[in-house]
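For reference, chains read A, B, C and D in written order, and residue numbers begin at 1 within each chain.
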Amino acid sequence: MATIVAEGTGQAILEEHHPQTFLRKYMFSTDHKIIAIQFLIYTLFFLMIGGFLAIMMRYQIAWPDQTLPGGGILPESMVASGYMLPEFYNSLVTMHGSIMVFLAIMPMLVGVYANYLIPLQIGADDMAFPRLNMMSFWLMVPAGLLTLASFFVVGGAASSGWTLYAPLSARPDLSGVELGQIYWLLALVLIGLSSILGSVNYITTVINMRAPGMTWFRMPLTVWALFITAILGLLAMPVLSAAGIMLLFDQTIGTTFFLPEGGGQPLLWQHLFWFFGHPEVYILILPAMGFTSEIIAAGSRKPVFGYHAMVWAIISIAFLGFVVWGHHMFQSGMNPMLGLSFTISTLLIAVPSAIKTFNWMGTMWRGNLHFHTAMLFAVGFVAMFAIGGLSGIFMASTPVDIYIHDTYFIVAHIHYVLFGGSLFALFGAIYYWFPKMFGRMMNEKLGKVHFWLTLIFFNLVFFPMHGVGMAGMMRRIYDSSGYAHLQGIQDTNALITFAALGLYASGFLFAFNFFWSMKKGKKAEANPWNATTLEWQTPSPPMHGNWAETPVVYHGPHEFSHPDVEDKDWLAQNERPDVVSPAGGGH
Amino acid sequence: MRSEFLKKVSVLVAAGAMAACGGGDSGGGDPGGDAGGGEAPAAAQVDPATVGTISGTINFAGDSPAPTAIDMSAEADCAAGYGPDGPMSNNVIAANGRLANVFVHLTGVSGGPAPSGSVQLDQENCRYMPHVLGVQVGQNIEITNSDDLLHNINASPTENRGFNISQPRAGITSNQSFPLAEVMVPVRCDVHGWMQAYIGVVDHPYFGVSGPDGSFTIPNVPAGTYTAEAWHEAYGAMSGSVTVTAGGTATLSFDYSSDMAGAHVPLGEPLVIRHGEHGIEVHRGAQD
Amino acid sequence: MAHAAAATAGRAHERGLDVYTQKVGMWIFLCSEVMFFAGLIGSYIVLRFGASDAWGEPGEVLNVPVTAVNTFILICSSVTMVKAFAAAQEGDQKSIKIYTLATAALGALFLGVQGYEYTELILHSEWQGSHGFTPQAGLYGATFFTMTGFHGFHVFLGVVFLSWASIRAFRGHWGPNNYQGLEVLGLYWHFVDLVWIILFTIVYLI
Amino acid sequence: MDWSLPLNLSTQGVVIDRLFWIIAVLTGVAFILVEAGIIWFSIKYRRRDGQKAHYTHGSKKAEIIWTAVPAVILAVLGIYSGGVWADIRGASALPQDALTFNVVAKQFEWNITYPGSDGRIDTADDFVVRNQFHFPANEPVIVRLESEDVIHSFFVPELRVKQDAVPGMTIPIWFEATGTGEYQIACAELCGLGHYSMDAQVVIHDRADFDAWSAGQAAGN
């Protein structure tokens, strides 16, 4: 048994004794920490691209009768005579969603933080399969290149929405897009493979490589969340891959899986897509919930309120996540009687989300709250995620969904969950774990300015979208001026666009802080937040192999303000209270 | 169509690479070439002593079909551009024994003066102007929207790669071209189901389209004997022979009749109807 | 390998599944493979249920006897895989060589027969009045080639890995202290075999 | 800044709007409780020197309460929604013998087939009008939705009606307008480059006007 475990890790140790080339050390590294940083740079780049696409989109929505500033540098197939063309707008809509979900948020949550945190938080020296781990990053590179290239091929990038509803996505003669769609489907298959390899790695690592004493219910909530997320990815991504391959065949070799002309079923695509798509939503939120729990506990100097309930909430969300996909399809022509069962399962899944929200508040209750930037973002997450969760109740109610389905109300909801939720938590995570990753602190002043600007502009962008949706504005429309019922909200659309510019600009403040701090930030100590989990009990950044000696775990993950510990308000997982404060005695 | 996937992909990849490098797909359009207006500049390169002109009419026997009204009531801006009778279909215009919108081109010829200048295709009051037009391979087609509403231009050729682009407001111009000869390329607007146009793409400059009076002219044809083909969207295609002498004007006429209504007109592959001993014979050009 | 083992010999772990890591990894990977084939098979069921007239009777187009033989070949290869693993545990070097090579060969034979079957179907069969049963021949052809094709791709990957295992066998790599690689490969191979039995049943027999 | 539901003109819109506002009140209360709680805790328990956090791992009682209360509210909401949904879309909800129209969506048009003078669809006197949907108020009407090419979605905001039109399927929906006037059909499902301009005129008449209009159209064809 030992020989098997040693194969990857042993080599890693040997490498330390030899000078490594730049390529081996930073490009084709098998060290989980380097791979996490590669993913971080990659995803931040795509976050910037995805945001830029959104800004172009917003400009068009706010001022449909104006020419696009600087549009002249774009080819005539995107911007003609200065005006953005509807087909390019559709590509923007599609690729904004696709890039944000598959190339920014998901790999940032999982690729970056599952990679970085799982071995460090469970006391392992690396992943179970370091080379598979490297492969999972390098599969994302061609996927990203294909995605970027798809904008510049004849016909432009995919334009059938991120949900790729067939037949539009399968029929180039109807969408005008052929190569772009093929490129994106190929990218999707690569992303799926990368994600599956990653998941195999994370799950195996958590099962088999925990440090002595790290029992299941002593694992930090981040590890729990990432572990369950990996299971969701493992089971959901292959379904998308299978569906994507069938769509690719429809598009290229002339099969008719999703084309009614040949007996195929357009709704089959939707079932397959959402069977993946809804677990995907939880892939995008569960890790964020994990980070938030961790940061709020450390920021409040209190153990997580209801740790076990939090774990069971994660597990039940994951389980229910596989039986709610139909709630995306209430108006799709699916048998209406299925609607009721999906309504019930959807409302059920709101319960664990509510538990988590109240438990975070419970964690803050009677705490000693340190509002560093990471904590601000984590609390911001709870506040914004609550809005996203509550607005979800509207569309879970099937009759109300008749009206708000495919309107901006949905756009508001998804962004409160994915931006107000996932991205807020991710910003928090970046500020929180940056010192561990790079050995330097991020600038707190800039960080706080970034938080407040983000919070204000975020709400100015997405809260009014509820109103726009109530007024009945359809999603993905290029110009709303032709509709009588949308005349009253054009000023709101302009306001949203101004705020979106502010939101995007504040992202650059963050980017500056990030890269500046990487070089010039204040040197970080091993445990700058006085936190309890294992990653803080090794130097910043940790050495190759993570540990000078394997840590032994004695208790749960968030022992803050332990009454038996007198001179400090935290107790690391590898510290025993009777050793830290002998007078206090055992717990 | 789909079985030709590999061929299509290779064309696509090449086209994709072109667009990626060139940053646009304005085709062979020569930016300076617009000055001549696309009418006569070819003549400048031609020695008038060696060329002649083909001129002729498209005759039409039998009852002329009544023009059909287009219901544009849901697009009031367009409907307003027409007189009290309202908009009428312009796909079949046959009057006074003549047939308009027939595309005439020489076959078995290639080369000749290179295309210069652009050909105009306008969208005005929700109709294509002109309804039938001819271009040379690689020649720029300048598509303009004169209506302040959305039109899309959906070209669905079989030999060339199609395009489906849009022009959401007045004043927008797009440029397209076709790299392969194809008679005809159908063009439609999906927003306005009645809007249709046909583009004949040939790899020489010897073509013409019959006007409302049924006449057409093909200038600057080198002396020689040629086969010419006429194409009409409802009455099919037919061919005829013509001999051009230097400096002279050769006459070529085609005789259509109302009996030919409903002839199957495959697009993309030239369909040839000959008046043979046993009545009308139909051949698919591609199989000859 | 010896010094690498020594370097982490003292590494202790909290009790996991009591199974070595590669095996856990393969089990988990196979879970995702189950979902992949579930996606394809589920679509097949939905499409077939929705358009049952587009499907042929068993044996109408597909050559069931040849495929039955092919199924038997694949089952045999699972048996030889088990034998190879048992031989490795016992340290019977000769049997290790014979059985790994036999498994790889049977896998390759399966692919050969499948290739023959595809050629016959595409070039020499009739389906719904047109010549050749191809992926374009309606949903029946599309689902048939997609499912059996992806299964064949999995067999192909298995044969590649089995060839690698055979080379190692001839170098005396496998033995009582080093059988894990064969066991993990065996898991994959049995899974591929199992998927085939399901596919054979629902595609050829029903 | 007109952030409100548009004027409602259908019978089912009444219940949909009522349900919308019920949810709005429930979620509004939850929203205020959560956000106020977060702000209150953030101020009250902010860091102070010498302050030590209260050491607790949770409270079973509190957790049971905040699991049970949302669960009960959501269950009631789910059952109520299910009932309303069954009235609108249930198998037996489709009215018998109602005036029926075929609506065929295609890129980027709505083609409406009218029942003609006999009031029955699928008969010889049916006629088709492009992008104009006329129908009578104060009686249930059925729309049979089909699509020729891609998925579209039939959306009339004032009628609180939305249903995807899926190629290969015929999907019947019904509604009853409570007033007359001119509105628009919008397409709510991305259907290609003309999606945003895939609108059609909706004219709701009283019955006599509708019959007159229909007769006029039939004569014109």
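Operating definition for what follows: a residue touches a chain if its C-beta (ideal position, glycine included) is under 8 Å from a C-beta of that chain, and two chains touch if they have at least 3 such contacts.
What you see is a predicted model; the values in this text were computed from it and never measured.
Trainee: Give the chains in contact with both chain C and chain D, ordered by label.
Mentor: A
Trainee: Out of every possible chain pairing, which has the most C-beta contacts?
Mentor: By number of C-beta pairs in contact, the leading chain pair is A-D.
Trainee: So which chain ends up closest to the centre of the protein, judged by Cα positions averaged per chain?
Mentor: A
Trainee: Measuring centre to centre with C-alpha atoms, which chain is farthest from chain C?
Mentor: The most remote chain is B.
Trainee: Rounded to the nearest whole Å, what is the centre-to-centre distance of chain B and chain D, using the mean of the C-alpha atoms as each centre?
Mentor: So the centre of chain B lies 46 Å away from the centre of chain D.
Trainee: Centre to centre, by mean C-alpha position, how many angstrom separate chain A and chain B?
Mentor: Their C-alpha centroids are separated by 53 Å.
Trainee: Just give me the whole-number Å value for how far the CA centre of chain A lies from that of chain C.
Mentor: A distance of 35 Å separates the two centres.
Trainee: For chain B versus chain C, what separation do you get between their C-alpha means, in angstrom?
Mentor: 56
Trainee: By residue number and range, which residues of chain D touch two or more other chains?
Mentor: In chain D, 107, 192-194, 196-197 touch at least two other chains.
Trainee: Please set out, as single numbers or ranges, the residues of chain C touching at least two other chains.
Mentor: Where chain C meets two or more other chains at a single residue, that happens at 136.
Trainee: Note the residues in chain A that touch 2 or more other chains, in rising order.
Mentor: 85-87, 175-176, 253-254, 264-265, 478-479
Trainee: Which category does the touching pattern between chains fall into here: line, ring, star, complete, or other?
Mentor: Here the contact pattern is something else, fitting no line, ring, star or complete shape.
Trainee: Which of the chains are touching one another, listed as pairs?
Mentor: Pairs flagged as touching, ordered by label: A-B, A-C, A-D, B-D.
Trainee: Quick one: in the complex, what on chain D touches chain B?
Mentor: Interface residues on chain D, with respect to chain B: 106-109, 129-132, 192-194, 196-198, 200-201.
Trainee: Taking the touch rule as given, give the residues of chain A at its contact with chain D in the complex, in rising order.
Mentor: Contacts found on chain A: 85-87, 90, 93, 159-161, 165, 167-168, 171, 174-176, 260, 264-267, 300-309, 331-333, 336-337, 339-340, 343-344, 347-348, 350-351, 354-355, 357-359, 361-362, 364-371, 379, 382-383, 386-387, 390-391, 393-394, 396-400, 402-403, 405-407, 464, 466-468, 470-472, 474-480, 482-485, 488-489, 491-492, 560-563, 569.
Trainee: Any idea which chain C residues touch chain A in the complex?
Mentor: 1, 3-5, 7-14, 16-17, 19-22, 24-25, 28-29, 31-33, 35-40, 42-43, 46-47, 50-51, 54, 135-136, 138-139, 141-143, 146, 150, 177-178, 180
Trainee: Touching residues of chain D toward chain A in the complex: what are they?
Mentor: Touch residues, chain D against chain A: 1-6, 12-13, 15-16, 19-20, 23-24, 26-27, 30-31, 34-35, 37-38, 41-42, 45-48, 51-59, 62-63, 66-67, 70-71, 74-75, 77-78, 81-82, 84-86, 88-91, 107, 149-151, 153, 155, 157-158, 160-169, 171, 183-184, 186-197, 199.
Trainee: Could you please specify the touching residues of chain B with respect to chain D in the complex?
Mentor: So the residues of chain B touching chain D come out as 71, 73-75, 149-150, 152, 164-166, 168, 190-191, 193.
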